[in-house]
C-alpha cells in the first residue's frame, strides 16, 4: 500500500505581511518547506513557523530562493553557480540558526521557485546547491523535483535525496513542468488532481501534456497553500489520498 | 609575561561596496569579528573574508548587529529582547552556514555597535543574546565588552566568555565607554593608546576619564581598521605591544 | 451642516505581499494616503493604487514613513531632523514620479506611524517635514493630526494645512492619542466610534480618556482598513455619518 | 572648434559605504549622473552629491538602474517594459524630490548599467523608459548611448535627446559596446583613449574592434571614476581634450 509525504511552502510572510494560511496547511502536510529570508521570511516568521510546525509534528526543511523578495524568488537573478552555492549556504544557515533557538531540527533543503527551476535543468547550479547542502552539518537531505538535474546532483553528491511531484502542475513529455504562463500549466480542479495522483501512486506513471505518461519516482507531493482556494484544494487532495488508502507520512522524521 | 588577543571588525563590505582594508588588518589581528549580513556583509563578502582569515591563521567570530545597513548597526532599532535573540540566532546561523561551505570554524560571537552598547547595559537584552548563542551548536563563546551586562549574562549562561577592552576608546568611571559624540571619546594617538594598553596589561587597571582607574579583565583588545588612519594606528599598537614583550595570540584557536 | 473628509492608509502592500482591501476602502474614503516605498509600497503597488484611487474619484496624498518595512514604519529609527526631511523629500518624490506616469496628481502629505507620532511632539522634526513638503513642487498640502506640532509647523511654514482626528483611537487630555499598548487605546465598536464622531462634528469637542473633552478642529477623519474587521467598521462609520446628515467630501479635489 | 560634455556616474555610495571620489570627479566633469536609490544611492548621498554638483556648477541628471544594490545594477532583473517604466518613474521622482529640497534642478535621465544595455537593444524597454521620462515634469532630457534604441525611442517620443560615447570602452562594428567580459572591452591607457576621442571629435568616426570605424554622433563623453586609476585617467583625458582645443561644456545648463 502506497505511502507518501505531503509538502508545502510555508513561512512565506515578510515582516508585517503574511502569505497563505500556515496554520491550516500545517494541519494538512507532513513536511514544511520554510522560507529562509531570501525570497521571503524573516527571523520572527521563521521562528513562529518552526515552532508551529514542531507543535504539529510536521518535519521541517529549508526553502532557500533568490534573495529577491520583490520577485518572490520567481525571477532568475544572474549569478554564478559559486554565488548560488554561497547564497544557499547562507540561507539554510539562517534557518538552522533560528531553528536551534526554537529547538527544532531542520532535516532537508528544497530550493524555491526560479532557483529550483534553474537547478532542475542546469547541472552546474544543481552541483553547487548540493555542495552547499553537503557542507552544512546535521546530514541534511535534499528534496528535489523528480527527474531533474537537482535530483541527480544530490544523489551524485551522496546526499539523502528524495523526489517530489506536483499535485497541481501539468508535466511536459520530457518531465519538466509546463511553464506557468502556458495554458494548462496549473490544474485547478482538486478532483482531477487527486485522480492523477492516485493513478500515479499506483502505477509510477505521471500523465504528460499531449497524452501519454512518464515514469517518475516520488517520496513526496508538493501542494500549495498561498491562497484560500489552494488551501481548500490541498485539503481535498489530502482527503482523497487518505480515502484511497494512501498513508501520509514524512520521508524523514521531524 | 602578558598575553593578549587583538580583534577587529572585518567583512563589513556590502555587495559592491567595501569597508576598510581587511587584508591589512588580517595581518595584524589574531581574531576577526565577521559581519553576518545584518549591519553589513553578504554571502560573497562573508565567504571571502572567512577564507582569508583562515589562510592567515586568524580565529573567526560572528559579529551580529541590527539589521540596519543604512545605519551600519549604530542606531538602536526598537526591538524586544526576544526579537533580538531571534535576530542574533539568524545572523550567527547565516555566518555559520557560509563558514561550513568555506571549511572554516566560527568560534565566538561578538555583538556589534548599538546592539553591543545596549547589551552592555541591559541585562534582559544580554540574556537574550546569550540564550541565542547557547542554543547554537559548536560550543560558541562570547566576546563581550569587559565589565558589562553582556559579560555577566554570558557567564551566567555558562558560555565560554572572554572580555575585551578598546585600544582607542576612553572609559567612564563606571566602566562604560565615553559615547562617541563626547569630547575625548576616541583616542587618536597610537602612542598614547599603546602606553595605555601596556600599563593596563601590567596592572589590570584601566584609566578612566576624569582621572583614576578601574579594574578590568580582558582577554582581547579591540582595534579598528575601517579607514587608512585606523589601520596605521592598529599597526603601531601591535608593534608597541610586541616590543613591550606582550605575546599576541587568540583567546581560542582558529 | 457638517462636511468632512474620510482618509485611510492605502497602497501598503510590498511586492508579492498585500495589506488590507484597498478596493473596498476606496469605495468608502474620500482621500487616500498612499505608501511611498518607505514603510511599505513599491512602484507596482503605488501605480496600481494611484490608478484605482483616480478611477474612484478619491483624492491622493503621499504617506511617507520610516524606511523600515520590517517594522512597518511603527518603530522610531534614530535620525536627525535633517535626515528625516531628506527621507520625506525622497519618498514623496518617489510617489510623485509614479503618479506622473499614472497621470494622477498628489495633493498632500501625511506622515505615517512612528514618524507621525514623533512629528506630533517634536517641533524640530515637524519643521523638517514641513520644509521638505514646502520645497516640493505642486503646492502640496499637509494632513496633520489635529492639535500637534506637525499641524503648527505646517501652518507656520505657510503650507495648506488640514487636521485629522481618528475614528477608532482614544485621546489623552493633552490631545495626544492614547498609545496603542495601553488599555482603551483603540475603539473596537463601530457604533461607539460613530457616536463619538457625530458628537464631535456637532460640538467641536473630542471626548478624552478619563472624562471631559478637548476642543479640536478637523477637516478629515482617519479610518483604518488593514483587516476585514477594520473595513467593516469603516463602512459602518461612513454609513452612520451619512445617515447623520454629514457630507463626505475630500478637503482638496483629486 | 569642437565642444563636448563630460559625464560621469556619481553619488554611487550606499549608506555608510562610499564608491569612487565624487569630489575629484566633480572637478573634471560637466554633467553628473546621480544614482537614485536603485542600484546605489540613498537620500543622504543624493542630497550631498546634488549640493556638491551645484556648488561646482555641474549639470545634474538622474541615473536610474535596476533596484539591485547587491548587483550594482549590472545584472538584468527580469521585468516587463511596463514594470521598468514604473521603476524609472519612481527612481527619477526620488532624485527630483531630494533635488527640490536641495534647490537643484535635475535636467536629464541616463539609464544605468544592465538597464542601459537592455534599453540599447530592446525598443520596447527603451520606449517604456522614454514614456516615463516624458511623463515627469520639468522637460527632462535623455542622455542615451549613441546609436542605440534608447536614443531612437527618446527622439521618437519627442524628448530632448543627447547621445554619449565612452572614453574607455571599445565598440563593436554594429555600434554596440564590446561586452565587459571580452578581451579589449575596456581601454586602460589614458593616452590611447584621448587619441581616440580627439580623432572621433574631429571626424565623427568611432574606431571599432577588428578595424574600421563607425559614424556616431555625441554630445557627451562618459568617463568613469569608481577607483583611483579611473579618476587619474579621467583627469588625463580631460587635460588632453582641453589641450586639443576642445571646449568642455554641459549639453544643458545646470
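Note that the chains are named A, B, C and D in the order they appear, and that numbering of residues resets to 1 at the start of each chain.
The criterion applied here is as follows: contacts are C-beta pairs under 8 Å (C-beta built on N, C-alpha and C of every residue); 3 or more make two chains touch, one makes a residue touch a chain.
Note that the coordinates shown come from a computational prediction; the quantities given were computed from them, not determined experimentally.
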Note to self: If you apply the touch rule, which chains end up adjacent to both chain A and chain C?
What the structure shows: B, D
Check: If you tally the C-beta contacts for A-D and for C-D, which one comes out higher?
Finding: C-D
Note to self: Based only on mean CA positions, could you tell me how far chain C sits from chain D in angstrom?
What the structure shows: 39
Check: Where the centres are mean C-alpha positions, what is the separation of chain A from chain D, in Å?
Finding: 43
Margin query: Where in chain C do residues touch two or more of the other chains?
Written below: 70-71
Note to self: Quick check on the complex: what are the chain B residues that touch chain D?
What the structure shows: 13-19, 40, 42, 69-72
Next item on the list: Under the touch definition given earlier, write down the residues of chain B that touch chain C in their complex.
Entry: 67-68, 70-71, 75-79
Notebook entry, point to check: Contact residues on chain A for chain B in the complex?
Noted result: 37, 43-44, 46-47, 83, 85-87, 89-98, 100-101, 103, 131-132, 135-137
